[in-house]
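What follows is a group of structures, each given as structure tokens.
Common to both upcoming complexes is subunit A, partnered first by subunit B, then by subunit C.
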Partner chain A sequence: MLAISGIDLAAFFATYLGDYDWVPAAVLFASWETLYMVFLSTAVSYLVGMPLAIILVTSEKGHILENLQLNQVLGSIVNAVRSLPFIILLILAIPFTRWVVGTSIGTVASIVPLSLAAIPFVARLVETSLKEIDWGLIEAALSMGASNWQIISKVLLPEAMPSVVLGVAITAINLVGYSAMAGVLGGGGLGTLAYYHGYMRYQTGIMWITVIVLIVIVQGIQMLGDKAAGRIINKRR
Partner chain B sequence: MRKTLSIALIACLILALGLAAGCGQQAEQTDPDKQAGKTPEKQATEKLVVGAIGEPHTAMLKMVKPKLAEQGVEMEIKDFTDYPQLNPALNDKQIDANFFQHIPYLEDFNAKTNSKLVWTVKIHTEPMRIYSQKIDKLDKLADGAIVGIPNDPTNSGRALAVLQSAGLIKLKEDAGVTATERDIVENPKNLEIKMADAATLPRVLQDAAICCINTNYALDAGLDPAKAVFVEPGDSPFANVVVVRPEDKDKDSIVKLGKALQSPEIADFLKTNYPAVVLAF
Partner chain C sequence: MIEISNLTKIYGSDPQEVTALKEVSLSIRKGEIFGIIGLSGAGKSTLIRCINMLERPTQGTIMVDGQDVGSLNSLELRQLRQKIGMIFQHFNLLSSRTVFENVMFPLEIAAVPKNEAAQKVNALLELVGLTDKAQVYPEQLSGGQKQRVGIARALANDPKVLLSDEATSALDPQTTRSILGLLKDINRQLGLTIVLITHDMNVIKDACDRVAVIDDSTIVEVGDVLNIFSNPGTPTSRSFINSIVNREIPAEILQRQFIDHGLNSSRLIRVSFIGASAGEPIISSMVQKYAVAANILYGNIDQLKDIPFGNLTLELIGPVETINEALDFLRKCGLEIEVINHAGN
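Presenting the complex of A and B:
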């Protein structure tokens, strides 16, 4: 199936791994499942979490869209979801997951609880980034007659962008960890492979292989995040 | 403010300590009616300490206790609270027999701790059953249907064996109790086997065509075992057994205990009170 520079990898694995010749393919497939779950749930969580963060920041006392009631309600919802242990959220979300994707088991299904867990996290993370912006900048834009929408799109978001991009890396890495629990609902991925084969079946080798792959993935995500944030900062200079 | 906080903290601490102490006491709690067996006319009584955990095991032991007393065996029932303590307690001679585990659990314990404990009699099985919300008969199972099975080693192997008994798949001859999906050699219906946590299977039952579910989780989730589409056969290795130290296997009191537990009264008791359970004798 795989052939690199004349060596038949499948045959190579079969010769040297014996009973474990299924491991490379399993690790590869599990890595794909992990990346798939993490990428999509990060995307969904930012799609929802970013606007949520903007509302949280701008509805604060003294901000451009002050609305204390809304702020408090959203804040409490965010806190409530964040206080749920992920494993419980995973199970509580089953009916919702089924409603959204039609099933509650499998890799696609686990994107729903992963996103649900990440949305409030993203909201707080982006909120923090937005709050770092010097109020003077917003005041200046206001005095020049900028509309609320302009403040958000021309001041808040561009100013916070490097920090937001770094937050994406933090979120994605968090989701790599969360995705390990997707095995509870048949989601697969590296964490499931490590836990149910490596740990529970005492196949320690598999556990270590998956741990190494996970380290590589996490390093990769962080590097991408750092690079992207650096590029934005460089452009400003 | 600070005062109330510290009072609350102290209260929590006391409560936690109290709970911990309570648990410790419970673990050592012995059967309260152990004195009942001290009938003066029995001279050559043999003492027998049996460890068990929860129902129906302790209830069954209590039922056979008077019968054993008639036969000159004074049995003391030790009700444990923690599964992992029972086999070490037997090894350490704190108890003479225990009754809580199935054979694969025993074999796993023996292998991991280098012990040589043996089982004497099979009593009952809490069978794994195949449940479905979509079909009422297994032969209605569609090609390529999704089959949910537990994902932990013992339960997934057990589920695969159940699927084999149901004639749905065929496993390698030497697959054993910890079979994996890679041991499937024939899958004529192209079933798509999905693994999920044993306790979540009842919750995701509607997302699969069939699921293999352990009795305890099925009962907890309110599934009716009578409506299952397939029941694990009684000859499964997952029968609950009486376990003793190897040298005691043929000891008089142990043999008497085994015979008493395999009596028609126990069979009746299980049938009436635990209809989900299958007899293994």
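Presenting the complex of A and C:
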């Protein structure tokens, strides 16, 4: 394996995997599928999860949009979805996925259960980021006559931004793992490759390759997240 | 400018009720710097937050510039709040914005056109002496500079009232003086009414025209700062004043023996003086006019705004009747006299 660096990959696979020299292209394509699923489901989960987080925070007791009933109902739903193991959610979501996408198999179809699983996670993650903000800042904005929307858009979100960006990396990394699980159920991406070739056909080499690619992807996402958050924080110093 | 009547604030509900304010009434005049002093937990923080409805009173009314604050709907309240600036102990600046953008914030809220707002911000930064820090983020500023940004921000919408919530409590004494100086300048230049809360009597002494002393959720004393300093009417006021002006007489002096008969009677008195009388040689005229000797044992002189203020502990020696005449003379001159010790006590 160490021999990989600096050596023609096709020749490497031709030598070690016999006539499986199609593998590099397959790995590349599967990686692309994984990134595609992770990217889109992260985007969808933030699109829905962020507003949920804002409602969860601002509807709390004493906050700008206090509504304890809404807060409790929403909190319970979030907890309920979060308590489902992803593999179960994947199966339960099949009818819904079919209704949205038209099929429950393939990369695009995987985005639905991935997003469903990530939305409540994102809601809690962003909620935590928003709660870190000192109440004094909200009080100051209130004392200036800010509207609730102004407080959300000009105080809560910008102030929480570095923390929210780090949360995006955490979410995306979680989704890399989930996407592999979805791959086992025909979701495509590195999970499918590892399962059908690495596991079902005992092609251990392919299993290891997917593992390495996954590690690289996860490291890359974390690095990007740290960098983005660091840039925001450094600018403010 | 601000009329507070029968203000009561109760937190929590029945079994765990906490009364933060009990039937507080106050009248704050236009253009004055009004101080509210109290220990932590006395209710001053709640009181100042009721003025702009950051806290809703349980009972009572608050009128600001003729408007009943409690009766406003949310839009009217937001408009009124734009005209009531507020500064805070921990500054509460947005870390996501530069100094310039922080001062711009209230103008964005009030939907002031961009160009006009930018001009206003520049003028305010000049007023507080931070023009060169416009593009810096708050994290790079010192505490005093942060509070200056806070003041500029509070003044952005030309408020009628400025509320100061322990604005100098997180600052060192020197910075505190410079911030108070800035507040006094603003008060004078703009005719702005300032309400400040503090637990530091130095702040009251240095900046305020009038003061209310709050203790255990009620106002125990209100009046001109000078009067309260020279004649504190309650133990709470007295202890606040003692915290900065030493009124305690050293024990050795109190232990001295005093004779209360004959030609060499002696009496220990404390003379408190404020304002003009402090500049006049009253003690020396007394000594000349009456056959008493005055022995100065102890004293403190301080400056209250621009007026000297202080107290002297004297031992008067002479015949009893002459001492009494001399005391009457001092009282007539407008000094406050306290006879501390007779012989043998």
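By definition in this document, the second predicted complex is superposed on the first by the 218 of 237 C-alpha atoms of A that agree within 3 Å, B and C clash if a C-alpha of one lies under 4 Å from a C-alpha of the other, contacts with A are read in each partner's own complex, and residues count from 1 in each chain.
We adopt the following convention: a contact is a pair of C-beta atoms (placed from the backbone, for glycine too) under 8 Å apart; a residue touches a chain by one contact, two chains touch by 3 or more.
Every value quoted in this text rests on a predicted model; they were computed, and no experiment measured them.
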item	value
Room on subunit A for both subunit B and subunit C (clash or fit)	fit
Contacts of A:Ile105 with subunit B and subunit C, given as first, second, both or neither	first
First, second, both or neither for A:Lys61, with subunit B first and subunit C second	neither
First, second, both or neither for A:Ile94, with subunit B first and subunit C second	first
Subunit C, subunit A and subunit B - angle at the middle CA centre, rounded to the nearest 10 degrees	140
Which of subunit B and subunit C A:Tyr196 touches, first, second, both or neither	first
Touching partner for A:Leu185 - first (subunit B), second (subunit C), both, neither	first
After fitting on chain A: smallest Cα gap, subunit B-subunit C, Å	24
Subunit C-facing residues of subunit A, complex	134, 136-137, 139-147, 150, 154-155, 158-159, 161, 235-237
Residues of subunit C touching subunit A in the complex	52, 54, 77-82, 84-86, 88, 90, 92, 94-97, 105-106, 108-110, 137, 139-140, 153, 157, 163
Of subunit B, residues touching subunit A in the complex	146, 148, 151-153, 178, 182, 194-197, 200, 203-204, 206-208
Residues of subunit A defined as touching subunit B within the complex	22, 91, 94, 98, 103-106, 109, 183-186, 192, 196, 200-201
